[in-house]
Every structure is written in C-alpha cells, then in structure tokens.
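Chain naming follows the written order as A, B, C, D, E and F, and within any one chain the residues start at number 1.
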Amino acid sequence: MYSVTVRGHMLIAHSLRGDVFGPAQALHGATYVVDVEFRRRDLDADGIVVDIGRATESLNKVLGALSYRNLDDDPAFEGRNTTTEFLARVVFDRLVAAIRGGELGAGAVESIKVSLHESHIAAASFDGRVAG
Amino acid sequence: MYSVTVRGHMLIAHSLRGDVFGPAQALHGATYVVDVEFRRRDLDADGIVVDIGRATESLNKVLGALSYRNLDDDPAFEGRNTTTEFLARVVFDRLVAAIRGGELGAGAVESIKVSLHESHIAAASFDGRVAG
Amino acid sequence: MYSVTVRGHMLIAHSLRGDVFGPAQALHGATYVVDVEFRRRDLDADGIVVDIGRATESLNKVLGALSYRNLDDDPAFEGRNTTTEFLARVVFDRLVAAIRGGELGAGAVESIKVSLHESHIAAASFDGRVAG
Amino acid sequence: MYSVTVRGHMLIAHSLRGDVFGPAQALHGATYVVDVEFRRRDLDADGIVVDIGRATESLNKVLGALSYRNLDDDPAFEGRNTTTEFLARVVFDRLVAAIRGGELGAGAVESIKVSLHESHIAAASFDGRVAG
Amino acid sequence: MYSVTVRGHMLIAHSLRGDVFGPAQALHGATYVVDVEFRRRDLDADGIVVDIGRATESLNKVLGALSYRNLDDDPAFEGRNTTTEFLARVVFDRLVAAIRGGELGAGAVESIKVSLHESHIAAASFDGRVAG
Amino acid sequence: MYSVTVRGHMLIAHSLRGDVFGPAQALHGATYVVDVEFRRRDLDADGIVVDIGRATESLNKVLGALSYRNLDDDPAFEGRNTTTEFLARVVFDRLVAAIRGGELGAGAVESIKVSLHESHIAAASFDGRVAG
C-alpha cells in the first residue's frame, strides 16, 4: 500500500461538557497540527498517490473553515462535544466529501487517516475508507 | 477507527546477553519516550475514545514502576533480555491488565499500540488487541 | 554558560485587536508548548543548574494559572493583546518572581529564555536576566 | 505484532515529468529522511525483531546507492518519475531483496513500511509483505 | 529580548567543489527546512515583534526564488560553493534587504537568525544584525 | 556569526548522589541525543564552518568513549555527579581538546554549544569559547 501525508493546522476555541473533562469544561482553545495520510494500492500514471499541492489545498480549505473560530457557536456542532477525536472525524468526513466530489482528481484513494496533534503529549485520529 | 495517543517516558539501566548486542552487552541505560495509541470503533457518550487524563495516569503508573531502576535486578525479567521490543510488550501487557481491570472506565478500547523511542534514530513497538 | 531546559504546555482562548491580526481578531484559541531555558555560569554543589523537578513544578504552576481559560476575561490582561510574544513575557515575569522568591532554591540562575511554540511553523520567545 | 524502526537519510537531485508537478518539473533536489519499520509476530531467541545494527547497515547500503546522485541519470529509473512514493517503493524492494538474501539473518520479518519524509509538511510511504 | 520564529522550506539541486565534500561533489540536492528568528527589544503598539503573516510571506518570497532550481546554474552564485552555511547567509541578506525596504512594516527588528536544517542530523545558520 | 550543528547520541547508566535527585539516586540510565553547534565569524575558502563529516566523526569518537557504559565506574568521574549539565561540559571539554589538537582542521571555530536532550521534556547544555 502506498501513502502520501500532508500537514496543516488550525487554531480554535471551544468548551467541553461533562465531568470527565475537568478544567476543559471552561472556554479555552487549542492548536491542532493536522496530518492526513492518503492511501491507495497503486500509483497513477504520473507515479503519485495524489497531487500533494491539491491535497494540501483541500486540507487547508477544510481547516480554514474551522480555524479562528469559537466552535461552541458553530450550528454544525450543536449538542456535540468538539473533542479532538470528534474533530478528527469532522475533518475526515469533509475531506472524503471533497475526494468523492473529484477535488483531488479521478484518483483511487482508498482510505485516509486524519491525525490531530493537540500538544507534544496528546493526539487523536480517525482512520477510514473513502468509498461509500 | 478512532484513536487517542498519549506520551510518557522512563529512564532505565540494563544489559543485554548475546553476541548480537555487541557493546550493549555491558551495563548501560536508555530513555524510552513512550507513545500509547488507544483505538476503538465508536466514541463514547462524551465523544471520546478514553479520558486522556486517566490514560496518562495509567501510563505513568506503569512507567513509574519501571523507571529509575536497573532492570537486570528485576525478578520479573529474570532470564530475559529487556530489549526495546520486549519492554514495549511489557508496557502493553500491563496497560491491557489496567484496562481490563476497569482503570480506564467501562470503555470499549479494542486495541492499543505501545511505541518506545530509544533515540532519534531507533524505536520499537507492540500492537495488539485488548480483549482476552 | 550552563543551561537546563524544561517543557510544559497550556491551552487558552483569546482574541486579538488590530487589523494586523486578520482572522485572529475573532475569538479562537491555541496550544502553547512552552520551553524554559535556565542559565547560570557555574553548577551548584550537586552538579546542577537547577532542580529539574522543582523547575518543572514552577513552570506548571505558572502555566496552570493561564491554561483552560479565556484570556480575554483575565483582568491582568485588560487592554492588552495577549499575543504569543506578550505571553512569553508574562510567563517570563512570573517565573522570575518565583525564582527571586526562592522557589527554585538559593540558586544563581542568571537568565532565562521562555519560548512558546504555537504551531509547527510559528513560535515566540522572551529572553532576559533574572536579577532586578 | 512487534516492530522495530530505524532511520537514515539520502540527498538526491531529480526532475519530474508532467503538468501536475508544476515547478518540480525543473531539476531540483530533496533530502529524504527515511524510516523503515520491520514487523514480525514473535521475537527471536535473543528477544528482538531484527538486529538494529544490521538493519541500519542494510538501510544505509540501500540509501548510499541512491544518495549524492542525480536520479535523472540512473538507468534503473529511465522513463519513470522518481516521486517520493516511487522512491519509497524502490527502497522497499531493495530492502526486501536484502532480507530474502539473508542479510538480516534467518529472521521471520513479515512486513516492512518504508516512509520518506521530504519536508516538515510532506511524506510518502510504501507498506507491504516481505514474503514472495 | 523578544523574538518571533517562522518556518518555511525549499528544495534545490547543486554540487560542491573541493575534496572536503567527498561524494557531495556530484550533482545532488537537498530539502532545507528554514527557521527565521526575528528579534527586537520592545514590542510594537499591537504587542508583536513582527506580523507573522507578513514575515512568512517575505520568507516564502525569498525561498521561492531559490526553490525548484539547480543552484549551479544561478549566476548569482557563480564561483561559490552553495553550502548550507552559505545559503543561510543568502537567505539572511535577502531578508535583511526586505526588512530595510519596509516589507515588514516600520518595525524595529534588530537582528535575525536564519537556520537551515538539511536533515535530522545536520543544520547551519547565520545570525546577524539588521541595521547597516 | 555562522554555525553548523551536528547530532549524535549515547546510552549510559549512572546514579546520582544527593536528596535533590529523589528516585534518580538509584542506578538507572538515559539516552542523550547530543547536538553540537560550531560557530565562527567567517567561512573558510571552501565556504564552510567546519567539515560536517569530520565534525560528526569527532563527536562520535567522544560519545563512543562514554556510551554503553556505567558512568559510576569511570575513574574520570569519581566523586562527581554525572548530571546532564555535567556531561554536557565533559563533551564540550573533549571536543575543544580535539579542535585545539587540529582534528577539525586549521579552522577558526570560535565557540561551541553542546546540548544533551535526555527526554522530550528535558535537556541541558554547555556553551563556551574554544580559545584557551
């Protein structure tokens, strides 16, 4: 299996509901350094998994729509805890939609893994298939 | 698949038996920077894989029992080479026991990967299922 | 010159006032991974610059008072932009006060450098002397 | 599953053919920091996946044959784009040949993953089985 | 002293003349991950050392003029070895010219340090004053 | 000022005497990832600060004499605590002796900084002049 990984980041504010979150129940924020690994079985005619430039653009478009915001005010997340795990899934879902919409070309990306690093000692990810 | 990864470290002395180890047959030591990735299929009601605070505490408890020691003197490892691979398995087994004992809540962690970084150019890991 | 460096982190929300900040004028947040380098000319009788355990505790106390908060609501920062540079200075000032108050022992720390990493591509620091 | 990972690097020049590569169609170059993860189900009698010293030597031999060269002039790559993905596969194939040739001992390495980091924001890999 | 650091990168081909360079006398290439630290004594009215966005743009403009090229063909470097140290100075000189030309605003940047990381085990830098 | 930085590592066992060291009073060990920054005002005729190959060899010779050993048994350190700070100075002194002995050529290295990273959250360094 081949893969290509690109990196971006976003800066958000949010709060989390539930005793398990302790001090993180208060409004605070985080930088998420985001790695996305795109995987496919064979390379295309150019010898690539995906155009790194377009993959980075797609990632930055997804991250740009979340960055510099207070996620508590985003109707898309109403009633949900925007944990690192949950946000990894949000980025995953939006990238999968972009791939299915042809934004990365007529490629055959089979699966992607989205990893959010929230500090030097903690991260979360979502890994899944692109096909419906 | 969702995952959460937390990081800790330990400082140990040991020696290794066998010609393959060359100079590492002498008593020496290492820092192991330890990453543990906890995986599960679905998030819990709070939107998490596992409570990062409790996961870090469990990891630090396991690492604390090994750190600042000469592993050659540990009866648990008698007759065994405490290689990086072997120690990855030891940390894995002890964390699995903690998870099965309910230390991380009634969660549904399916598998974990324990990675020990012994320098900027070498690491080892053990990856396996939590269920018995 | 000898130095010892320890690392911690904090997660905060804030907004910045001024056209120069573009989208960062909205409420958002950041993880700051914080490195503090303590410097002195000679080692003490134990052979150290500073007790790493106590240095880490002092740093975590300073970071704990800032973390998991919306800095826009902190009276200490009223009328100020809590930029990365500014926060590096805040951490510096509070650590210097702790050192002068004897929290790190009767040591002779001469200067410290506080670096805040806000992402994989941006950081800020304040470097200055401890003596009044 | 156990794994051991070792790191090396190579410095090469090359150009890429195809509009998708934009400015990378011109002759340029790259540093590839290369991680190879060796995996097997059980440890050998010494308690290891593979001798880290020999694994590093094998990796350096493969990288040494590629490093400090203009890959456009290498007959082995004639008519091919030496993309990061493609080079990950080249390193993979040559390491698999070395393993099958007994260079890493009579071990039971089952699969390897070769990752090439071309910058702080982009990487590619090939992951596959060692057996024929 | 305050500082702000931003990161970029470039991918170049070149060869080096002189026995000291061994295999690097052949045409090869490198990725340089480039950190630039901007320093000044006091923050401006907005509370910053320099606008990170503009600093990153200036850096990317300088790196863009070097990236995806064979530096052996650049008339600006005729008769010179484009070592990592030398290139650190080139980036320094061009950024200083941009600062003096007002590209980063009417700021009071006193000195900058340009660091080029050529692999995980080697780097070079040039550190100097901005004023003429 | 120009600089070149190279990286190596060593694996040692030791114990530390003094209440301040807490659990580190027991025999344990550490990996030290070692960065050495060589600085000089002007480049030599080849355009370099120092030959990276020879610098790495010199560093590895110094680290090789310390690695895979129990430093408690080294007569050179009798009655001394081999703290990270102290070891940074030992590596510094030995490299300075090598430079003065001509091992790095007839160069004009003015100062060096030796940094020992003992984990992802702690490091120590010694920075000083090469001239007598």
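Note that in this section a residue touches a chain if its C-beta (ideal position, glycine included) is under 8 Å from a C-beta of that chain, and two chains touch if they have at least 3 such contacts.
Please read all numbers here as calculations on a predicted model, not as lab measurements.
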Remotest chain, chain C as reference, centres from CA atoms: D
Inter-copy rotation, chain C to chain F, in degrees (Cα atoms; steps of 5): 120
Self-contact between copies chain B and chain D, residue sets same or different by half: different
Whole-Å separation of chain centres (CA-atom averages), chain A against chain D: 27
Euclidean distance of C-alpha centroids - chain D vs chain F, Å: 31
Chain A, residues touching no fewer than two other chains: 7, 120-121
Residues on chain A engaged by chain D in the complex (per definition of touch): 1-8, 43, 46-49, 51-53, 56
Partner chain B, residues of chain F touching it in the complex: 7, 9, 11-14, 23-24, 26-33, 67-70, 118-121
Residues of chain C defined as touching chain E within the complex: 16, 18, 20-22, 80-86, 88-89, 120-128
